[in-house]
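Notes follow the structure.
Just so it is clear, A, B and C label the chains in written order, and each chain counts residues from 1 on its own.
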Amino acid sequence: MIEIRDLELTFGTGRHLVRPLSDLAFSVGKGETYGIVGESGCGKSSLLRCIGGMEKGWTGAIEIAGQPVPRIRRGSECRVVQMVFQDPYGTLHPRHTIGMALSEPLRAQGMERSTSRIADALRAVGLNPAFAERYPHQLSGGQRQRVAIARALILKPDVVLLDEPTSALDVSVQAEILNLLADLREQLGLTYILVSHDLAVVAHMCGRIAVMQSGKVLEELSASDLRHGRATAEYTIELIESSQLKTAA
Amino acid sequence: MTSRSQTLSAAGQDSLLRIRNLSVRFGTSPEATRALRNVSFDLGREKLGIVGESGSGKSTLGRAILKLLPPIAQISADRMQFDDMDLVNASERNMLAIRGSRISMIMQDPKYALDPTMRIGDQVGEAVALHLKLRGREKRRKVLELLESVEIRGVERVYDLYPHQVSGGMGQRIMIASTLAANPKVIIADEPTSALDVTVRRKLLILLDKLVSAQGIGLIFITHDLNLAQDFCDRLLIMYSGQVVESLKAAELRQARHPYTQGLLASLPRLDLDLPRLPVMMRDPAWAKDMETAR
Amino acid sequence: MLHGVVENAGAKAADAESRQVSRLLSFWRIFRTDFSGMLGLAAVGILIVLALLAPVIAPYDPYLQSLQSTLLPPSARHLAGTDELGRDVLSRMLYGARTTLLVVVSVSVLVAPIGLLIGICAGYFGGWIDRTLMRVVDIFLALPSLVLALGFVAALGAGTENAVLAIALTAWPPIARLARAETLTIRSSDYIAAARMYGASSFRIITAHVVPLCMPSIIVRVTLSMASVILTAAGLGFLGLGAQPPSAEWGTMISTGRKVMIDHWWVAAFPGIAILVTSLSFNLIGDALRDALDPRKA
């Protein structure tokens, strides 16, 4: 479903050249959830921005559903990849109702905008259709994140990018959102790329996990490798140990 | 409620902070929000974790002890004793003497706690000058010593840096260093590591643990992260809608009896266990009702 | 109704309208509690009524000269006295309010969209568009606004319409600056990133997402700048470059009254007080609006 080869991202020139991503290559099958872990500044957000079409300065190849994606996407080229962001408070426009937040993507793609379609989208993420009349500040963090998921899914994308979708939520709400994402993946045959700093979340959701450090994929692990600490790179081992805590030792 | 009264006094005679029936409400009307309801605990020379979700009142508790709440907040308590001082009736003047020097606070994000226009050394130096009355070369020596004590390498170089030039983890170390200048007896840490990467977090926690046990400080560690609290703290208070619903030894967290604690534990994804689905907690309205008050 | 809702049925539109109404109501509830803001609003309200009713309530024709009764002090017959040509000062002030309000309204109507458009384009597109537009803004800001307005009027010729144009030319840059700053923070937010991901056009993002969020601060800024517009208009009038002599305008009135100010204070003092009260009122309204439109309170 997703095929990435020799992806490289650079900003600036000469002495001011920075390269947030280099030599990236991986592929993700349909219906799979591919995890990306790493610490702040490792390039995981830049990678999502490249796949999502928000960066233009990359080189290499990104293929989605067998089609190479252009650097600048227009119109219907935007439909196939959608994204869910980290911050539930910044993800929705504060002066748009939930109904408008959900109808805007349909308008942009020239799709039919009906009340029933928006109601269906809300029901699919476990919200009452009456929420369409509300504003974001009347919703809890978990409810906003559900709306953000509904907004991403309303265009029926093939790939959904999840950028720390639950790290700002309480654990009990996190469980609900993770279950919802897993259910939607089954029902709609979605492919996810999940970025998180929480190894337990990644191990729970993903089949394969890439560990990133300074713009490169350090190694790729299976979920059970991660659970049993079967890593080869020193950094990965440190990451797993840190996540398991044991500070008192 | 026997386990409750036991753990309340787990610290024994040697308690630094003794709090009984602390309540906080915002506003005076009957329907005013009750942010804290009859919270009671003792703090000894230990690491006490206060765990709860957003809105549980955990941060309010930390601030209420230092009386750092906005004027609209009404604080009431049967007893709030620090050493031999009564914090309930302490004047603002007395609180000023206590805050920062006897009881210190470490905030979540060092980015906002450090003054961006001052060099690191001068900022820590301000605390040193205020609490230890040191000047000139002696002050500088003490600052370097403090920075060394929080395991910062190249202290001479760090002394002259500005806050934007240091990483988050380093910033938090600097905050701890200036906190230590006053030799506090109690440190209240409100989510001190949630803005940090896991590897940095671990190093910082190890440091904090070392300092607290070496100097016999009582640490109140406020966090939303159950795993972290269990791993790092000696004792835990689990908070839900302004009340302490359960109080237990950190090592016994897996044997928690309150359904809320059990629910929280179950809903955490685990690295050591492969679950097909995460159990979702059903909240019982009875949890939010007033519990019997501790004596 | 800048941001339309799902255009589906009439019921939807009615819903949207009632939402707008309830938002207005909640805004009004906050604004109402601000004493000085209400005071300013009342003063401006009275001024508007007086200006509209000027032909009805003015005791005399503002242009009627009466050389027998020049420079009469305030009395029962002439409440604010008469000027050096025997015209009733009160009547001239009432008609002058029309000129002043006309200038204020026309300048605001001209300036707000221009400033908004330029600022948002600069902030949203960035790059060379931003650099070019902001250098133009810098050039305008580098010159004192009265001097700039003077230059324009001198080039275009004196008169109320040209004064409006000149003031508008000097008043848009601060608004463009503000709109740009607001746009920069809005642009980096996740909901704009999401909108770009689902393929919304730049035009749609600007009109439906950026503009509604910029509006409150622009409204406040425009209201606050009304005071300086009044002062600049009066200044141009005073220098003989605004409204031309026979027509009643506060600045022009002060200018003519200046020659006789020491012995006949009322000729210049009353229009002066009118300018002071009006510009102060607009400032008070602006301050109250800033508090009431604060999204943290909404």
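Convention: contacts are C-beta pairs under 8 Å (C-beta built on N, C-alpha and C of every residue); 3 or more make two chains touch, one makes a residue touch a chain.
Just so it is clear, the model here is predicted, and its values are computed rather than measured.
The minimum number of touch steps separating chain B from chain C is 2. Set against the C-alpha centre of chain A, every other chain centre is closer than that of C.
Inter-chain centre distance (chain B to chain C, centres taken as mean C-alpha positions): 52 Å. Rounded to a whole number, the gap between the C-alpha centres of chain A and chain C is 47 angstrom. The geometric centre of chain A is 33 Å away from that of chain B, both derived from CA atoms.
Those residues of chain A whose C-beta lies close enough to touch chain C in the complex are 52-54, 73-79, 81-83, 85-87, 90-97, 99-101, 103-105, 107-109, 113-115, 118, 133, 148, 151-152, 155.
Of all the residues in chain B, the ones that touch chain A in their complex are 53-54, 168, 197-202, 205-206, 209, 224, 226-228, 231-232, 263-264, 267-272, 274-275, 277-281.
Contacts from chain A toward chain B in the complex involve residues 39-40, 141, 170-172, 174-176, 178-179, 182, 197-201, 203-205, 223-224, 226-227, 238-248.
Put simply, chain C touches chain A in their complex at residues 3, 5-8, 12, 15, 19, 189-191, 193-201, 204, 208-209, 212-213, 295.
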